[in-house]
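Presented sequentially are two complexes of chain A, the first with chain B as partner and the second with chain C.
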Partner chain A sequence: MIEVMFFGQLTDSTGVSSVMVEEVANTDMLIDMMKMRYPSLASSKYMVAVNNTMVTENTIITPGSKVAFMPPFSGG
Partner chain B sequence: MEQTNDLNRYQRQLILKGFGMEGQQKLRQAKVLVIGAGGLGCPIMQYLVAAGIGHIGLADNDTVSLSNLHRQILFGSDDIHAYKVDVVKRKMFSLNSDVNVRTWNERWTQEHCMQHFPNYDVIIDATDNFASRYLINDACVLLGKPLVFGAVSQFDGQVAVFNQLQEDGSRSVNYRDLFPVPPANGELLNCSEGGVLGVLPGTIGAMQATEVIKLITGLGKTLSNRLWNYNALSQDVFIMQLVSNPISHQNIPSSEEEFLSTDYEFLCSIPRIGIKEIDVLQWKENFLDHLFVDIREPHELPRLNSFCSSLSLEWMELPLSSLETNISCLNGRNVVFVCQAGMRSLMAADMLMKSSPGSRVFSLKGGVHMLAEKKLI
Partner chain C sequence: METKKVKNIFTEGPVEATFIADSIAKHATKTSIGGHSIFLGQVRADMIDDKQVDAIEYTSHVDLALETMSKIREDIFAKYALTCMHVHHSLGVIKAGEICLFVFTSSKHRKVAIDACTECVERIKAELPVWGKEIFEGEGYQWKINK
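Up next is the complex of A and B:
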């Protein structure tokens, strides 16, 4: 299983702060899967981290990994 | 005498391991610039002035309003309508008159960055909007200044140290590595739209002040190449390791000329071609026959049921999060969109314009906040 975590206002789109999903090969496939499940994620801005490290390109996800979706915050 | 006073005033930090007179001297010689005197800027100023930083610049063009007071606790009811920087400067003098505080009650621009950043050792982003955040980030990269970043949203906060000089001579990652392109205004809720727990900017501002003191004294390990995330509801802290993003540098102006000619407000604005904003009076006079669509999420208050019934409006609730999938139900209709502060309604209007180019589409300026201000709800 893979734990997917959502931060900030992304939880308005998902309704949950984390969800467990079956094995997914890589981050591109996981992002597609999450957009299917939570359609308003498609118009959201976020970065992705696998096991606490930010990724900038499609990255392999090994079983047991934690993947974070992090949006920018503007408030002050 | 002065030294005796200093020994007294700073005694609790002077006796810290690794701090001592040397650390205090570094703080005294430091020059830091805080941009934003709101929820983040207030606690940052208090802790940096108390710690004995020698020179602090503070910029903010805003005045104090009643809705600031639940989180900007340096201000009181008597300060409403006063420039924030004037109130902060007065209070900081009383806290520690040894600290030299210079203020600007102007909106911070590219010209301000080019003119004043070179005079400071550390820049602190305590602003409340993406246009300012990208402007400050890009200027720090261009001019080689470390940036202490902090931001809040509802119950969450982020802190990081960007563009810090590293041992190998390179600079740590910057905000563009995380988010190469700014979100449009309204794409994410600001404090006015989405709300913020009053104590949260205090927590995040105090974290930023901590990072500034570490940067100057060399104590500990800063949040360079790391993003610190905090959730007030769970008290969970999540630290993310950051890496440089190959595309970030394509988006940062590479020269002073390019930087000065970049329109940061525009980069963060929503395409508004053909979308008209109408104010509350225009709406009441001429647009009551248009379908009135509240695109706020169900938890956002106040709801408009009784207000809409009292005006016998044709209206509906259609949250922005599900608008895209349901937009066809509005095709061909003439619509006025409303949200909490008038940002997201612009996005909704943009979506309907694309889906139904023949519709007459409007966005209610100022949203529900403005309806309340005009005492209509």
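Up next is the complex of A and C:
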């Protein structure tokens, strides 16, 4: 299983802060899957991190990974 | 080594003035220090479309934030001759007027401490996965945007 986490305003778009999904090969496939499940994600701005590493290109997801979808940061 | 350790920076609730005072007092024994620089972020009661911001609720991707902060700390220590640096960021609901960010740098001389403090604050705002939800008086909210 893979844990997909949503943060900030993305929790409004998806209605959840985390969801477990079956194995997915890579981040491109996971992003497509999440956009199908939560259509409003398609118009949202976000960055993706796999196991606490920010990724900008398609990245392999190993079973048991945690993948985070994060909108622009607004700390401080 | 102080610069390599992953330190917790998050506190549930506001950073209290007494905590800041204690933190300053603790440095009295470090007599090589000649200058401190402190940044305090305070929650502002903005008016947005006739609604007043009552509080900001902060959430974070804590594991990633701590790793990122560790990298920022390493970079800052490599660039500036600091004696020490302390960072505290609030999580949870922080009311207008309360302190949500405390950055404290110390060095032999003022310029290093001031420049390091400024750079640290800018990097925290740009790079840490933290989100603020501005909660309006009465009801409603909007997500904070960092400028």
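The rule we apply is simple: the second predicted complex is superposed on the first by the 72 of 76 C-alpha atoms of A that agree within 3 Å, B and C clash if a C-alpha of one lies under 4 Å from a C-alpha of the other, contacts with A are read in each partner's own complex, and residues count from 1 in each chain.
Simple rule for what comes next: a contact is a pair of C-beta atoms (placed from the backbone, for glycine too) under 8 Å apart; a residue touches a chain by one contact, two chains touch by 3 or more.
Just so you know, these numbers come straight off a predicted model, no measurement behind them.
Participant: Touching A:Thr56 in the superposition: chain B (first), chain C (second), both, neither?
Facilitator: In the superposition, A:Thr56 touches chain B alone.
Participant: Kindly classify A:Ser13 by the partners it touches after superposition: chain B alone (first), chain C alone (second), both, or neither?
Facilitator: first
Participant: Could you tell me if A:Ala68 is touching chain B, chain C, both of them or neither one (first, second, both, neither)?
Facilitator: A:Ala68: touches chain B and chain C.
Participant: Among the partners chain B and chain C, which is in contact with a greater number of residues of chain A?
Facilitator: Looking at chain A, the partner in contact with more of its residues is B.
Participant: Based on the superposed arrangement, let me know which partner A:Lys45 touches: chain B (first), chain C (second), both, or neither?
Facilitator: Only chain B; A:Lys45 stays clear of chain C.
Participant: Take the contacts of chain A with chain B and those with chain C, and give the residues found in both.
Facilitator: 5, 7-9, 49, 52, 54, 68, 70-76
Participant: Give every residue of chain C touching chain A within the complex, in rising order.
Facilitator: Listed in rising order, the residues of chain C that touch chain A are 41, 58-61, 63-64, 67, 89, 100-101, 121, 124-133, 143-146.
Participant: For chain A, which residues are in contact with chain C within the complex?
Facilitator: Against chain C, the touching part of chain A is residues 5, 7-9, 49, 52, 54, 68, 70-76.
Participant: Quick check: in the complex, which residue numbers of chain A touch chain B?
Facilitator: 5, 7-9, 12-13, 17, 39-40, 42-45, 47, 49, 52-56, 68, 70-76
Participant: Flag every residue of chain B that touches chain A in the complex, lowest number first.
Facilitator: 36, 38-41, 125-130, 133, 150-154, 156-158, 177-179, 183, 187-191, 194, 196, 201, 227, 229, 231, 234, 238-243, 245-247, 297, 320-322, 324-325
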